[in-house]
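What follows are several structures.
Two complexes are shown next, each including chain A; its partner changes from chain B in the first to chain C in the second.
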Partner chain A sequence: MPKWGMVIDLETCTGCQACTTACAMENNRLPGENWQDVLFYSEGEYPNLNLSWLPRPCMQCENPSCVSVCPTKATYKDEGTGIVLVDWNKCIGCKYCMVACPYGVRFYMDEAPAVEPDVRAEFPASGRRSWNPPFKMPDEYEDASKGIGIQPKGVVSKCTFCYHKVSQAPAGVADLDEDNPETKEFTPACVRVCAPKSRFFGDLDNPDSHVNALIAEKGGVRLKEETGNKPQVYYLSGGGSPAVPGNRSRRS
Partner chain B sequence: MDEINTGISRRKFLATTGTTGALAATVSLGVPGMGLEATSAEAQAAKTPNTVVTKNICHQCPARCGIDVYTTDGRVHAIYGTADHPISNGKLCPKGPLGIYVLYDPDRWRGPMKRTNPNKGRNEDPGFVPVTWDEALQTVADRLNGLRERGESHRAAMLYGRGWGASCAGLLGTFGGLYGSPNMPIGHSSMCSDGSIVAKGYTDGNASYNSHDYRNCNYLLMFGVGFLEAFRPYNNNMQMWGYMRGRKTPKTRVTAVDVHVNTTLAAADRGLLIRPGTDGALALAIAHVILTEGLWERSFVGDFADRQNRFVAGQTVTAAVAPEPVINAETGEATSPEITGEGFVEKWVTGLVDWWNIELKDRTVEWASEITDIPARDILATAREFGSTRPAMAIFERGAHSHTNGIYNGMAIHSLNALVGSLFAKGGMAYQMGPSYGPMPADANEFKDDWANNGDWKTQPRVDKKGSSDGYLLARNMMQEIGPNHLAGDPYKLDTVIFYQNNAIFTAPNGQVWEEAMKDVFIVDTSPFPTETGHYADIILPDHTYLERYQDSPTYPFEGYPLTQLRVPAIKPIYDTKYFGDVIIELGKRMNGPMADYYRALDSAENVLRHLAKGFETDPGDNGVNSWESWVEKGVWYKKPYFWQQRDGVFFEWDGTDYNREMTPEEVGQKLLKTPSGKFEFRSAALEANSDWIVGATGRDPANLMFPIWEPPVHPGGGDLYFVTPKVALHAEGRGHNIPMVIAHLQPTVGGRGEAFVEINPVTASARGISDGDRVRISSDAGSIEARCRVYAGVRPDTLVLPMEYGHWASGRWSKAVPTEHCGEATVNQSDRITGQAMYYSTKVQVAKA
Partner chain C sequence: MAMMTDTAPTSGHDTQGRGSHFLLHLIVALVLLALGGGYALTEILEFGKVQFNTNNAGIHWGMAIVTYDYFLLTSTGLAMVASLWHVFGMAEFAPIARRALWLAMAGLVGGVAVLFLELGAPLTALWATPLNMQFASPLFWKVLLVGAYAISLAIVLFGMINKPDAGRNPLMILVGGLALAVTLVAGLVYGMMAMRPVWFGGEIPVVFLIESFVGALAFTMFFSHLKNGFNHSNMRPDTRALFEGTLARMFAIAIALHFILHAGRAITGLWSNAEGMQVWGYMTAQPLFHIALWGCVALPFVLMVLPGTRSNGMMQIVAAALVMIGLLISRYEFIIGGQMVPMFKGTWAPELLSYSPSTGEWALLVLAVGLANTVYAFGAWKLGAEDRA
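Our next item is the complex of A and B:
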């Protein structure tokens, strides 16, 4: 059983948001409903202004606080992949998980649209479906029990690590690399498009995976380790040994 | 066909071209191969057995990234980069995946239409009603035929924006030559980046954008290029960035120059915030340091005969005098004695000594610091790094040359490349080779009648006065002048204008003039979408979107070796639209006289493309593309390597195995440094040859106008703040403004989501009582607009920055709903008299709370 994880190299990330738009189209997200966002920050005064950015997917935590608060067990950790998913058949839209998530990466569908006119009205759907874009993903990919595809009204959604792709990967493969023709089609959209190759996707339980090598060699860190959520997304920021130690470090 | 069940192995599949054809030339996901690939691909295919992948090229910027378009059950649902495409390499920029929305945009035109309201204006409803293609085309043809019969064919024009290749814009010049109009076509290059092209033409003889070898470059000095936002090919730039900055040894060092902190400056080693329009002063000071500190590349530039560096600030130097050749009395052979003395001996450059004496000797870092507002220590550090790191490139674009002094800013920056020997070097810059296309189905020259060959139209100037001594004698195009010239009836009034990929009424600086001017012109628009220009149209002939059409496109300057790609329709056209190439051919067939026979010989755009592909039969691409069918299947033909390389001041040509064949100076002049001297000209012979006209038109000094000199920029508009309106990553060429996902992410650096903010420095804002989030009014002599303020400490206090994108008033519903107004309406229409470059960044404005 793989434990899929992602490594994001902040040293080469250009802040272009291709991860954001590729995710939105692959997963039929509403405009501005960014499962995979890039957050921008600035500090300092002219002329010494520091502009920085942080790409932020779901951290796919090992110990996800969103799962433990869910009253209907709609949110769960998929055993076969280590991916945190939402069963839209069980979700009641109470938003507890949105409060519990330390990373702000859960989304409620029935909010005011980020961009007007509302595309849900432009591409209306029948029944519980919230909209029906003409570019909808293939029917075979849709799976409400995993929160994949067109979302029903009144539920919460989140990044699936492109479960519909990743779960089709050959058994035992250590890394899903878009530059490898054999794994290209199973690589998550945000990783596949990343032009500076700042994203890497692989099995954290496989000691030989490239992602584990990168975390070791370049000093991968996780966000908000104090929460104990144990993200499966690691960030690299230069690779030098002096670093702010994370919770998983042992003092020597 | 079903690839899975044919038993074709991957190897066999690759070796066999043309196993599929036409629209069915699509590759199922599950091409079986060896081992893991077969397993994985089949598993994937089993889940979506009806998925087909077609090759195409992204349409949202000029880069021409190869894309794989995924279609399942008739729905196009995904776009990814083509893995074996040299530009995209499987990757995309943020615009790439959104192409699907372009196809399904609900605001697209449904078919051809004609106008019923004769009145034109922003607030006039055109009253479009559907017509048949036959009626629409015949209406246009009748109009063109009528003009020609009256001897007024010069009053018809075709204006194009992004032309892609031989099957669209490539057909326009032929049409103009057969029909008889100097205005068919007029390109948009003066509203794009001619300042760069022309500056290169006057110094190294290649009027073109450069190809670049970033992979081997160790230092990048960038002037106003937005390398991580807008410089093309953006997607590949970012791939190179990841390599140069992450995996390459040594890591490429980067200094970026701009007027605000964007992602490029933030990601660079050094960001220099320069006063707008003064990039040339910075480049001159860098050149000064390179010379005084002895950092120039002697193998390319040359040296003092005695190898003592005599470049000292404020002091002149002398050129070496070549001694008379010694003639051997017996053999008659001439030999040149070695040059001695204190003079400078130039190698692949001309005019260095004069340039130094007339201009450079006084261009110290302290002098430049005053002009550029950049600390002297930063200029000095940049110059030393740039001059001592090889290979190094200085690249520039509109930020540097979209000013009245643009020609000189561009020449000064490009001269840095000569000083460090980067031209045609590994890790340096070169120029783009073209593809091995086959001949067109027919030769247009055989279909010319007497009017085409000798008609009075040949005596008419172009309506934009390109090439006219009372206009822009040296420019390549002057599209921005067409509206004002037509309005004034000087040189004459246009009658009919066909627009292709061109929304000039919106994009021209001070487009309000065009709004008035185009009221009495019969306008044909061919965009698939409603536009401001389309709002003035009498006939709409909507194009297919790019996922619905065959279309060729040779690469934009990239890595030098030839490359051309193909758009292949993913699905049949959704609406009653027609590819623009076919519109031109169908119009041609309806013209009187022999030209109709030419277009009957062309038959269709697809037939043209099939003839172009015949060139590949005798010159197959590196990826095996040797036919129309294999081009359709792979989407790209390319052939490495680039043919030439300059190494340590010696030029070599590829001999089939390596850069081994040394070139003669004559060959270098013919093929690479295409100036009159066959060298890089600090003293531009071509400018000098036009000295009289330049003096008359600009009042410049004939003693120095041929050198890269400092000239203060002129800023019209009447305001106190510079107004810079850059392109951002999701804008590129502005074709995405109606895509909700673009609107949601346009200007992320300052939180511009849902609209574009004008960036105002905190000091500037507070002095005017403006707070963050306030709606402000930006005014110049051209007009005034409103936008919302974002107080941002990353922008110069003397500059406002508002990305160009919004303010559309006749576009799709999403675009029109964005509250930001159009920066072009506050931008004065002013052009560089030499390059013809429209100056989008030279206006000065005032800002106040709205």
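Our next item is the complex of A and C:
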């Protein structure tokens, strides 16, 4: 069984947010609450300042703290793919997983809108759905037990690595590449649209995968290793560690 | 059998007066419940929890969780205070044990009610938590222990209804043990979070234990004086001896321990350069921190240390009230402060996150106060909560 992972090359990422937009469209995200985001960091004061950015999906950790703290096992690690998912049928909305995630990549539905107007009021839905987006994914893709679809009220959601696509990939494939016609349709939306091709997606357990080669050859590193969560998302930064400013240095 | 209370025996007219006192307490509590609950429920039903000031940027647990934990820990502390008589046989505490247990149930009901209004899917929690056995989650254990604590406490109280001479109850070993376990696990919920430096640490369960106990002593003291019309001389001699002696001294020691832990964590946090600990610099620059530390911890400590004020009923009431308020502030600063450092939000959240409770979240606190007092006052009025154990 594959252990899907992602490699993001910070040297080629332009911060264009195409990945963010594609993710939002693919996964019915509320505006401003992006499972996949490109975070910008400004440091210093004019004229001595620096602007940097960091693409940040869910890290799909090998040892995820969100899974450990969930009191109902609503958050779980899918054994077939290594992807961390949320079962909306079991989620009680306690938000402990959000508290415990070192990467801030979880989203609760019943919060004030990040962007006005509140699209939930503009596109109201009936039943369990919290809203009825005009660009929603096909109904057959929706699976509440995996946190895929339109997020219901009172539950937490997160990036699924586009599980609804990835899980349909042919068995044994080492990489899911948008340039490969055979794997294009199974490639996560954020990877598929990345114009500078900064994102790579493949099986971390497959020694022949391109992602493993990139990690080995270019010194892939993971964020916040000290937490022990062991992300399955690796960053390439030209040999150094990812240039992510600390919280203090953000205060310019 | 005539009702025995820890009020000094007087005339039948006074007994009738006490009944009206509890009825008045109940009416006031119901008014608070109607105001707080009415506002909060109306808002939640009409708008959902989007009116709360929690957010996806990082403040996930707001005033509702502060209120829940405050009432829960007060409840467990009160059960531990009652255990001093029921479990350890400290006869001095017999006059207040029954009151402490009813207050424990009152606090538990108030806190859990707020939690249910805060949870996204509270009904799912009722079956999904016990059935899925997530042993690694401290919240799983907390839910299980709180459930067991609530049931065992209810059984003990049910057996006490209108039985003034109930004596020591061996089931209180279970209640006291569960209260202790709930308190420690409540601390673990925060203390295990290595990614939240303000919370992380093995000392947090101990901090919670001390805060729980000092809060319970404050509530016991305040409600005992309330029961006696805030008139020290109305107390029975043995109760007064407890309040002027062991209880007041124990209260002073507990406050001192609370001060040491509170100030110690603040100093450690200010000294540390670790990422995330800058919250302490922010918190200690706020007036609320100093109101809590100096006004609501240090001042009550002084009042309870000096012999002249320690045995003074009015000073005890002031000290108890200050500690009750201070603990709420401390719980607020602890829970909110631990979430103020945004995790990977970049310029979307460039500074420490800010939070202040919305009107609806304040209403939840009023609801909890109203509901807890309703339970206690009704118990005192009709179920013998103030009968002498």
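Please note the rule applied: the second predicted complex is superposed on the first by the 236 of 252 C-alpha atoms of A that agree within 3 Å, B and C clash if a C-alpha of one lies under 4 Å from a C-alpha of the other, contacts with A are read in each partner's own complex, and residues count from 1 in each chain.
Methods note: a residue touches a chain if its C-beta (ideal position, glycine included) is under 8 Å from a C-beta of that chain, and two chains touch if they have at least 3 such contacts.
All values derive from a computational prediction rather than experimental measurement.
Touch criterion met: A:Ala112 reaches chain C, while chain B stays clear of it. Look at A:Pro133: by the touch rule set out above, it reaches chain B but stays clear of chain C. When the shared chain is aligned, chain B and chain C each come close enough to touch A:Ser42. By the touch criterion defined above, A:Thr227 lies against chain C but remains apart from chain B after alignment on the C-alpha atoms of chain A. Applying the stated contact rule after C-alpha superposition, one finds that A:Trp53 touches each of chain B and chain C.
When both complexes are aligned on chain A by C-alpha atoms, chain A residues 40, 42, 53, 114 touch chain B in the first and chain C in the second.
Residue ranges on chain A touching chain B, taken from their complex, read 9, 11-12, 14-18, 20-22, 24-26, 31-32, 34, 38, 40, 42, 44-47, 49-53, 114-117, 119, 122-123, 133-141, 164, 168-170, 173, 178-179, 181-186, 189, 192-198.
Note for the complex: chain C touches chain A at residues 48-58, 60-61, 119-122, 124-125, 128-129, 132-134, 136-140, 142-143, 189, 193-196, 275-276, 278, 339, 341-348, 350-351. Partner chain C is touched in their complex by these residues of chain A: 33, 37, 39-42, 53-54, 56, 65, 68-74, 89-96, 98-114, 118, 153-156, 223-224, 227-228, 244, 246-248, 250-252. Chain B contributes residues 29, 35-37, 39-41, 43-44, 47-48, 50-51, 72-73, 75-81, 83, 89-98, 100-101, 103-104, 106, 228, 234-236, 238-239, 241-243, 245-246, 261-263, 265-267, 273, 729-730, 740-741, 743-745, 748-751, 753-754, 761-763, 792-797, 813-814, 817 to its touches with chain A in the complex.
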